[in-house]
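In the two assemblies presented below, chain A is common to both, partnered first by chain B and then by chain C.
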Partner chain A sequence: MDYEFAYSFKKPQLTNNWILDMNPLSKLNLLIILFIIPITVQSWKWNVMIIIFYFLVALVAGCFKRFTRLYLRFGLMVGLLLFVLRALFIPGENLLYKLWFINITQEGVDSGLQFSTLVVAICGAIILYSIVTRAKDFMYMIEKLGASRVISYVILSSFQSIIDLGEMSKVILDSQRARGIETEGNIRQRIKAFIPILGPLFLGAISNAEEKAIAMDARAFSMPIKNTHLCHLRSLPVGEKAILIAANIAFIGFVVWRLMA
Partner chain B sequence: MKQSHKLTIFLIPIGVAVNFICGQIILLLKLPIYLDSIGTIAVGALCGGIPGAIVGAISNILNSITNPTNMAYIILNVLFGLLAGFLAKRGVFNSLWKTTLSALAFAIVGGGLGSRITYWFFGGLGAGTTGAITGILMQMGFSANTGVFITEFFADILDKIPTVIIVFLILQRIPAKTLVKLPQGKLFIKEKADTKGI
Partner chain C sequence: MSYIELKQVSYQYPLASEWALNDVTYSFEKGKLYGIIGANRGGKTTLCNLVRGFIPHFYQGELMGQVLIEGKDIREWENHQLSTEIGYIFQNPFSQISGVKETVFEEIALGLENLGVDKDEMIERTIQVVKWLKLEDLIKKNPNNLSGGQRQRVAFASIIVMNHDILVIDEPTSQLDPSSTAEVFEIIHMLKEQKKTILLVEHKVELIAEYADEVLVFEKGQIASYGSPADILSRKDLMERGISIPSVALLGHEMREKNMAMDSIPITKSQALEQILKGGKNDD
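== the complex of A and B ==
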């Protein structure tokens, strides 16, 4: 038996990357600060700076590629759309360009730039957090704070169910095609194909849930006792604590300074 | 804890997953609707309003990982779950025409309240195709307030009618042996099935 592997679960599982190994709640604290700064400052230059900062953090954390793919897609789909809609439709005095019934005004462009960078900057904090934090670490911390293990189970199991049911839906789609259900063609045919896929998926998932309930019960899931954990998080290092306190003080100082100005 | 409530805990992740997978199936079949609350409404009808609301909230939070602007609409999914539980208790999901009418109630929440949220957070011009239509309505002289209501209400009713019909068809197909284990499952067990067995 591989004892080294077995004993590795006695220690916190570290990735040797400072950002990834940070406590989930410390990360949450820092990202909430980044979340609030754009709202208090209201300047697109600050927003752009914060957006660039997210990319740097992702680079240091070693998940640049994953973050960039998700964030760019969001930025292009939502950010750009928010900008274009505002630029096209917000009425104003200074006309830049006239196209049929659409008036592009300076006010529209300004408000579009301001609003879209604000949304992208705020949402960047959420996307970055989901990339640099593992869901199970986060749920572990929530449990440590006193949440029930049922909540952890429901959330983590949701992630897993999405993957499982995704696989299952592909299998069902292929079998229904083999049986002769049209999944191509005009819109009526495609709508009709929806029920034969979703029906078996949902019913199969419910009967799986019954089996899972029995299996979990056999593992004392619903017993009123304290549960154990396979993975642990390290206790907060002094450096991390110091950074956290410094960041919070700097942030409060910054907000007070902005409110005074 | 009663057995029926135990199964609810295991059905919540499935409701969340169904919400997501529907989106994927829609993409595969290239359909122009969302159908992203089937899981919420189905679990709300089967297990009660609170589990339905939990499904809605978790789906919304997981959805927000790829598009955080969704977070603003979390209350809608919670209300869909609660409303589904409430309507199921009134026997709405037992007949097709009542179910179809219930789409109106869901659209009032989704379109009515949803358009308020779009108005408060995004000034009416939300991110999405409905935002573009609202923009055109605004140029035609509607106020942002009415424009966003008109587009979102109609977009939502087009989405909710197929949603509730699909939920109805699924609920009819769940076997009685499963229904008896669910908190609100008894509402969907047909009398005929019982007498036939005797």
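== the complex of A and C ==
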């Protein structure tokens, strides 16, 4: 029996990485700031700086790979799409390039750059938060803030079931492939391969959900008392408090300055 | 007073065309282990759902007759009271893992968190159950990545740790190999010694013969027969109805057909051995 592990729950479980060990609410606070800055500034250069800053944070938090994989996939897709749409269709005076009936203008490119980096920056805040915050710390926090166990469970397990759905669809696609159904190739072929699995996928998920609800009830989820916690978070260290206060004051100062300018 | 009492209970799942239970009357006494056997779709799981109150608290459908737990009608029990009174280990190990805990240790402690047990006691009780179920090697693993058999043992531990007086256990060994099965039965036996009342659905009749106080045979939503293991599990006619009986009982029947002396049909190995040794001496 690994008593050391069992008794480790008596203390807050720290990773010794100061970003990861930060209180989930502190992190939320800081990321909300990063979330609002691009909205107030409206400059693609700021957006790019913030995006680069996210990569740095992920690096320091030791989650660079995970963050990058998720973020690039998203950033490349959504960012490019938004940029292209804006660049192609926003009218303007300064023509850069003429392509058949489409006019690409300087205004269109600027607006595309601005809008796509803004969306990518905002989503970066959310993705970064989900990567540097452990689900159970978040659950603990929202329960401490008064959310019921059932609510925090539903939130967490929805995230889990998104992962499950992804894995299940992989399993089903593999078996489709084994039966000789084309699942690779162009988008049309892929969609054609995917449609027949949606039924079983969602039906399966729903019937699992019913069973799971009962199974969790057997674990006393419906108790009308305040639950306790096996894991707890440390109380806010002084340094963290100081950072938060400084960041919030700086942020408010910044916003006031932008409004005046 | 009987502990759990069913009076002319019939139940039909929503949208189902047949009755899953049909006019069932039985009373369960405190501190006994009831072995519940029967062919597939016989109504065993439905009985479990009923006794735990998932019917009618969760499953709608049509319920007739009365189910009394400690003399109080199941409809009058609050659902959360039942979750502290009656533990339920489900047939399907996959739906029983919460999916939100990172280690098996935390998964097992989840029920205690919900019961509001304080941290130190929670850790001690979890350690105890981990040792009991020999899960030491699993405690740091992610519960979402376990095999079926491992999940089943973790699910078992997650309920045992809550220390209920009544346990409803639906095929706890369906995913287990023989040695893990034997271990689980060892534990069920210990739970019985702790005076728990246990309803155990199990196809492995050898184990029912060994441990049960009473046996109930379910067939088409009804209790087809009930009685002591010695009475029920020695009956050859169960075989014709799709229910197996212990192989030593079959052996006993065959020996009797060959006119060998048999006081009674054995249902466990030790009984069989006793009979055979006695027979051997008579020949001397």
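We take it that the second predicted complex is superposed on the first by the 200 of 261 C-alpha atoms of A that agree within 3 Å, B and C clash if a C-alpha of one lies under 4 Å from a C-alpha of the other, contacts with A are read in each partner's own complex, and residues count from 1 in each chain.
The rule is short, and it goes like this: contacts are C-beta pairs under 8 Å (C-beta built on N, C-alpha and C of every residue); 3 or more make two chains touch, one makes a residue touch a chain.
Every value quoted in this text rests on a predicted model; they were computed, and no experiment measured them.
Undergrad: Quick one: is A:82 in contact with chain B, with chain C, with both, or with neither? Answer first, second, both or neither.
TA: It touches chain B, and chain C stays clear.
Undergrad: So, A:70: does it touch chain B (first), chain C (second), both, or neither?
TA: So A:70 only meets chain B here.
Undergrad: Is A:153 contacted by the first partner chain B, the second partner chain C, both or neither?
TA: Touch partners of A:153: chain B and chain C.
Undergrad: Look at A:238 in the shared chain and tell me whether it touches chain B only, chain C only, both, or neither; answer first, second, both or neither.
TA: Once the two structures are laid over each other on A, A:238 reaches no partner at all.
Undergrad: Looking at chain A, which partner touches more of its residues: chain C or chain B?
TA: Of chain B and chain C, the partner in contact with more residues of chain A is B.
Undergrad: For A:5, using the defined touch cut-off, is the partner it touches chain B, chain C, both, or neither? Pick first, second, both or neither.
TA: second
Undergrad: Using the superposition on chain A described above, determine whether A:130 touches chain B (first), chain C (second), both, or neither.
TA: The first partner, chain B, only.
Undergrad: Going by the contact rule set out at the top, does A:261 touch chain B (first), chain C (second), both, or neither?
TA: Neither partner.
Undergrad: Can A:202 be said to touch chain B (first), chain C (second), both, or neither?
TA: Touch status of A:202: first partner only.
Undergrad: Which partner chains sit in contact with A:145 here, chain B, chain C, both or neither? Use first/second/both/neither.
TA: Touch partners of A:145: none, neither chain B nor chain C.
Undergrad: Would you please give the residues of chain A that touch chain B in one complex and also touch chain C in the other complex?
TA: 153, 157, 160-161, 164, 208, 212-213, 216-217, 222.
Undergrad: Along chain C, where are the residues that touch chain A in the complex?
TA: Those in contact with chain A are residues 52, 54, 58, 79-80, 83-84, 87-88, 90, 92, 94-96, 98-102, 105-106, 109-120, 122-123, 126-127, 130-131, 136, 139-140, 144, 158-159, 162.
Undergrad: Could you please specify the touching residues of chain A with respect to chain B in the complex?
TA: 70, 73-74, 77-78, 81-82, 85-86, 88-90, 101-103, 115, 119, 122-123, 126-127, 130, 150, 153-155, 157-162, 164-166, 169, 173, 183, 187, 190-191, 193-195, 197-199, 201-203, 205-210, 212-213, 216-217, 222
Undergrad: State the interface residues of chain A toward chain C in the complex, per the touch definition above.
TA: 1-3, 5-7, 9-10, 134-136, 139, 149, 153, 156-157, 160-161, 164, 208, 211-232
Undergrad: For the complex, give me every residue of chain B touching chain A.
TA: Residues 1, 6-7, 9-14, 16-18, 20-22, 24-26, 28-32, 35, 38, 42, 54, 58, 62, 64-69, 71, 122-123, 125, 127-128, 131-132, 135-136, 138-140, 162, 166, 169-170, 173-175, 178, 181.
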